[in-house]
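Okay, so chain A shows up in both of these, paired with chain B first and chain C after.
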Partner chain A sequence: MSTLIESPPAPATPGSVLDQPAPAPEGLPEWFTARRTAAWQRFQDLPLPERTNEKWRFSRIKEASLEGFTHAAEPASLADPHAEHVLDKAVARLAFHNGHLVSADLPENQSGLTVMPLEQALRECPDLIEAHFMKSETPLGSEKFAALHEANALSGVFIHAAKGTAPEDPVEIVHYFSGCQGAHFPHTLVVGEDNAEVTVIEHFVSLDEESAFVIGVSDLAADGAARVRHAMLQRLSTSSKAILINTTSAGRDADAKSLLLNLGGAWVRTESVSHVTGTGANVNLLSASIPGTGQEFDQRTYQIHKAQHTTSDLLYKNALFDKARTIFSGLIIVDDGAHHTDAYQTCRNLLMSDHGEAHSLPGLEIKADQVKCSHGSTTAQIDPDTLLYLKARGIHDKTARKLITYGFIEEVVERFGHEAAGRLLDRFIEEKFKALGA
Partner chain B sequence: MSTLSIHNLHASIEGQSILKGLDLEVPKGEVHAIMGPNGSGKSTLAKILAGNEDYEVTEGDVLMDGENLLEMEVDERSRAGLFLAFQYPNEIPGVSNANFLRAALQARQPDGAELDAVAFYKQMYARMDELDMDRKFTARAVNEGFSGGEKKRNEILQLMMLEPKYAVLDETDSGLDIDALKVVARGVNSMRSPERGFLVITHYQRLLEYIVPDKVHVMIDGRIRRSGGRELALELEEKGYDWAREELAGAGA
Partner chain C sequence: MSDETTMVKQLAAEKDDIGNFQFPERHKYDAGTGLTPATIDYICDVKQDADWVRAFRHHALGVFESRPMPTHWATRDLENIDFSKIRYYLSDGERPKRSWDEVPDDIKQTFERLGIPEQERKFLAGVEAQYDSEAAYSNVKEELSKQGVIFVNSSEGLKEHADIFRPWFGKVIPTADNKFAALNSAVFSGGSFIYVPPGVKVKHPLQAYFRINSENFGQFERTLIIADEGSEVTYMEGCTAPKFETTTLHSAVVELVALKGARIQYITVQNWSSNVFNLVTKRGVAHEDAEVRWIDCNIGSRLTMKYPGVVMKGRRARGEVISIALANDGQHQDTGAKMIHAADETSSNVVSKSISVGEGRSTYRGQVFIPKHLKGCKNNTECDALLINSKSMTDTYPAISVHGNRHATQHEASVSQVSEDQIFYMMQRGLSEADAMSLSVNGFINDLVREFPMEYSAELKRLIELEMEGSVG
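Take a look at the complex of A and B:
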């Protein structure tokens, strides 16, 4: 069942990502190579985002520069895919190191469930990929970087659950990164057909303290009454940068949930766009961030309702330590005719010091009737009465603060509602607290 | 030495004087009740004992078994053996009751020693059974979405787990129906011991039928105006706080 790929394909000559895209191997579908070429052209034509652009307001925009970043080199020694203790049970596991497939533990006799490295899927089921691959535009500001991703994407995973397929355990994907100034373009595409049910847990992990630039795209599509769940556990080195673009679309009565645990990276920009397109669809958008000094997490979201009787619920929580910075800018868009929409958007910032900086820009744009929408954002320090209550039970100040902060983040973990994933999330949250001296 | 003794305590908040020379002595092994009208400063006293720094102590001292309580941090006081059952217990979102209690007990372990998790759960379940608390409360976030009665029961669970030397109960009876009151009283009574003193604050005589006090003190306008036996509670109930205010505070004030 397990396939260990001993020698990866010959690597591309390292070169600046600004000079040329990564060369594509032979035998890929024509539409795909054409898309890459067009995307490369788009990347070159599009301007760099500017400070005056509302979509980049408050962002440390110079961090978006790819100057000096090269196509990630083949690592001298590949990561041991089993070094990382991850989920106890998974229906499929794949691990990549700087884009090279290191191991693939794929399901056998799982009729209806397809889990494949993207490149293999492009050869074996190109039509399925074409139907979904980067289909929607990137409206939140990173269209230039999305184009760069599209021009380079080859590493990643395609997950397809056919009608009614519901594997019990999640699919787990680990992307390891190493080396100095490498650029990476991991791609994840998850498709759940009618009544299918699939959960995907993904890790982005740095193996060293070097600076990587990850431009990742994960697209989730849930068809009729499908349940699709995706969690991204971001643990890049604190000198790395990332732009993570996520699109979620939910069809009739579908239920989609995505979670981001944002821990590593010097600068991480996340763009999440949900298309709630089918009547009765429900989307949950969750994020938990724990930045410290030198880290900026820049979060942009759209919840777009296009059909009647749809719901979406966004909960972003940021626990800012020391001199951390976060930006949250979210917009709920209820299209013409999307009556009876319930859409909620909540961003909560917990400042653990007097030096943190949390910006919130919530917004609503409603063109339909009978709509229930709310958006709210709060920024506060630990409630002194709550702290007093814990200390009045003998709990030391430091432990009390940690417990309260942990509880603050825990609401996000609980909402994801997956026990095994929850244990994993808790472990990394705990590790991050430790690293921050909490 | 084995007493909680409060001497000439004066305290204020935002320049407003609330406690005005309060004297009280609770020996170990006894249950003392404080009764008094709303606003007389009962909760203020409780919170000052626990170490709430919103209040400024301007005069007087508090000794717990001879140790100067007012010089200790909030958490130190708790570990030293003082417990306050809050009138309005706080909610702690995302922190389960079990983790909360564990952290409180862990804080009492000697350096480097780990709490015995098996023994902890065993004891917690036994105490919860005594309080008719459903096991599901162990996994629920502390006081979040609890009814008033559930919160009060939870305070008593904490009291039973932490086994303090002195326990101050601030209106633990308010908001309880008679059945819940009996359960809470049973929990408290099971903790009565020669090694433990109780200060039970209440507005109503009713609680004292179930937790029978050794002494009753009447507090009005920041001072203890009269002390007596059980019968004082009954007299107060019968004659009302207006009488107490006029009769007890009027002359002495």
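Take a look at the complex of A and C:
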């Protein structure tokens, strides 16, 4: 059942990502190559975001420069595909190293569930991909980078759960990155048809301390009453940069949940757009970020309600250590006619040092009636009363602080509501605390 | 029921009527339409400005012209302002009168219809009434003058009390702050310059009343209030204009300086007619232990963009913005607050409530900034929006920046409707649907209305009731 691919495909000639897109292999569907060409043109035509652009407010915009980044080279030795497969059970596992498929452990006799590398899927079921591949716009400011992704994307995974399919265990995907100044374009597409249920756990991991630039796109589509879960565990090296673009769409009575655990990277911008398009749909957006010195996490979200009786709930938590910097900019948009919408947005910043910097821009735009919307944002340090309470019970100051911070972040993990994924998340959170000396 | 309908109509007509009348124009000085350096020179000549004021205005014109419209974040409706069709200065060339008897009849009638002299007798310590570009009437109670309180218009302030006002003029809001502040700096005229000496507590409010009478006109008053150490003052302003077919522009700059331990309270009830673009920059500086409070109520205008700010410059300074906005058909109330913490232990509070009726749109835009190396800063922001009809719109765009962990900020916003249960409950007890709605809306803003002086809060409640008429059923 396990297939170890021995000779990875011929590597692309290393060259600047600004000069040319990665060459596409032969035999891909025509529409796909046409999309790549068009996207490359778009990338060249679009200007770099400017400082005055509201969608880039507070962001260290110069970090978005791709100057000097080249198409990631084929690594000299491939990563051990089993090193990071840390879920006890998974219905399918795939590992990539600098975009090259390292291993694919795909489901057998799982009727209804399709999990395959994107390139293979493009050859085997091009119509399914075409129906969903980068369908929606990138409204949050990174349209230039989304175009670059579209022009280069080939490595990644396509997951399709047909009507009523509900595998018990999650799909696990690992993307390893290594080498100096490499640009990477991992793509994930998850489609859940009516009444299907699927959970995807994804890892982005740096294998060295070199700087990588990851422009990743993950699109989730949940049709009628489907349940789609997606967790992204970002553990890039602290010199790496990333722009992670996520689009979630929820149809009638669908339930979509996405979680982002942000631990690594020098500068990571995340753009998350939810389209709540079907009556009765519910979307949950979760994020936990633990940045330290030299790290900036720039988080942008849209919750767009287009149908009646829909709900969405966002919870973003940032625990800022040392000289960390975070930006949260969220907007709930309730379209004309999306009556009876319940939409909530909460951003909480816990500042662990006097040098941290937290910016929050929680926003609402309401054009409908009978709407219940609220947002809240707080920024504070550890509550001294809580700390005193623990210390009065003999718990050491350092341990008490760690406990409180852990509890603060844990709410996000709990809301994701997946036990095995939760254990994994906790492990990495713990590791990050250790690295920060907490 | 039909009696009630007639009454509602009458009331609505009365509301429109409050400011909707016009007297013929009789201007001795008219700077013409459009804005060029010659317009500036014309204004300077008429006002006999000092050379430094002339230079200040010309510099500001350059800044105004070099700045783009802020449409990358603000509404595109701003593009409908045609600066070349606006008249920038109109006056009859008379000095402000100290007694109502001397005020020309048509102007007197204007302000009498608006109830100004009556209010002055009742509860005001001083009044200034501005008619188009210049003040028609300005008076302050004698005992206050004796205590050294200065209450004059901008020209007089810069000419006769330059030693007091010049050091602060254009310091709280520099010319280059934004495009409209630059426009005001170029063509400002009228407004109030107030100085309150140390320790003087002005018991009754000072009031200014702004009236636009002429079509295609731009009113650019400039206000500077300096409260010296330990003093206290409350200032109120009201505004109306007749309903013209064409657009009218009102772009004021208001600077407040509260020195050590001083308190300034600035109250605005804005009821411009629905053709007025109201683009105002208001900011106060609060020194040690001082307090600046903006109480801002926006009911009129076509588009209001106004974000009163407080720079808390001294330890333990406090800033507060209380804002009520009501947006009806064709109106966009884009209001908010700006709180800049620049010293330790400063605290700020923003409470904003907006109501959108019909196709009205209300927006809250806020900024809270706590820079590095400070400790003990606190901010609380609450914004609540009420949507009355299915086409009403509301937006909230706050920005909160906190550096360091020795502060606490919280922001909360909610959007809701008047609950059907509530309306049903009241109708069961014999109230009409309109009355029930009106009562609900007044309940929503009740705790803020209480912050206004009594006379104003009664007026405010009535204005809101009138705006709500016809919005249901």
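Keep in mind that, in the parts below, the second predicted complex is superposed on the first by the 437 of 438 C-alpha atoms of A that agree within 3 Å, B and C clash if a C-alpha of one lies under 4 Å from a C-alpha of the other, contacts with A are read in each partner's own complex, and residues count from 1 in each chain.
To be clear about the criterion, a contact is a pair of C-beta atoms (placed from the backbone, for glycine too) under 8 Å apart; a residue touches a chain by one contact, two chains touch by 3 or more.
Nothing here was measured: the structure is a model prediction, and the numbers come from that model.
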| item | value |
| --- | --- |
| First, second, both or neither for A:367, with chain B first and chain C second | second |
| Partner with the higher number of touched chain A residues, chain C or chain B | C |
| First (chain B), second (chain C), both or neither touched by A:58 | second |
| Partner chain(s) touched by A:394 [first = chain B, second = chain C, both, neither] | first |
| A:111 touches, of chain B and chain C: first, second, both or neither? | neither |
| Chain B versus chain C as contact partner of A:77, first or second or both or neither | neither |
| Chain B/chain C common contact set on chain A | none |
| Of chain B, residues touching chain A in the complex | 50-52, 73-75, 77-79, 84, 86, 89-95, 99-100, 103-104, 107-108, 141, 158, 162 |
| Of all residues in chain A, those that touch chain C in their complex | 52-54, 57-58, 339, 349, 351-381 |
| Chain A partner contacts - residues on chain C that touch it in the complex | 72-73, 372, 375, 385, 387, 389-417 |
| List of chain A residues in touch with chain B within their complex | 383, 385-386, 388-397, 399-400, 403-404, 406-411, 414 |
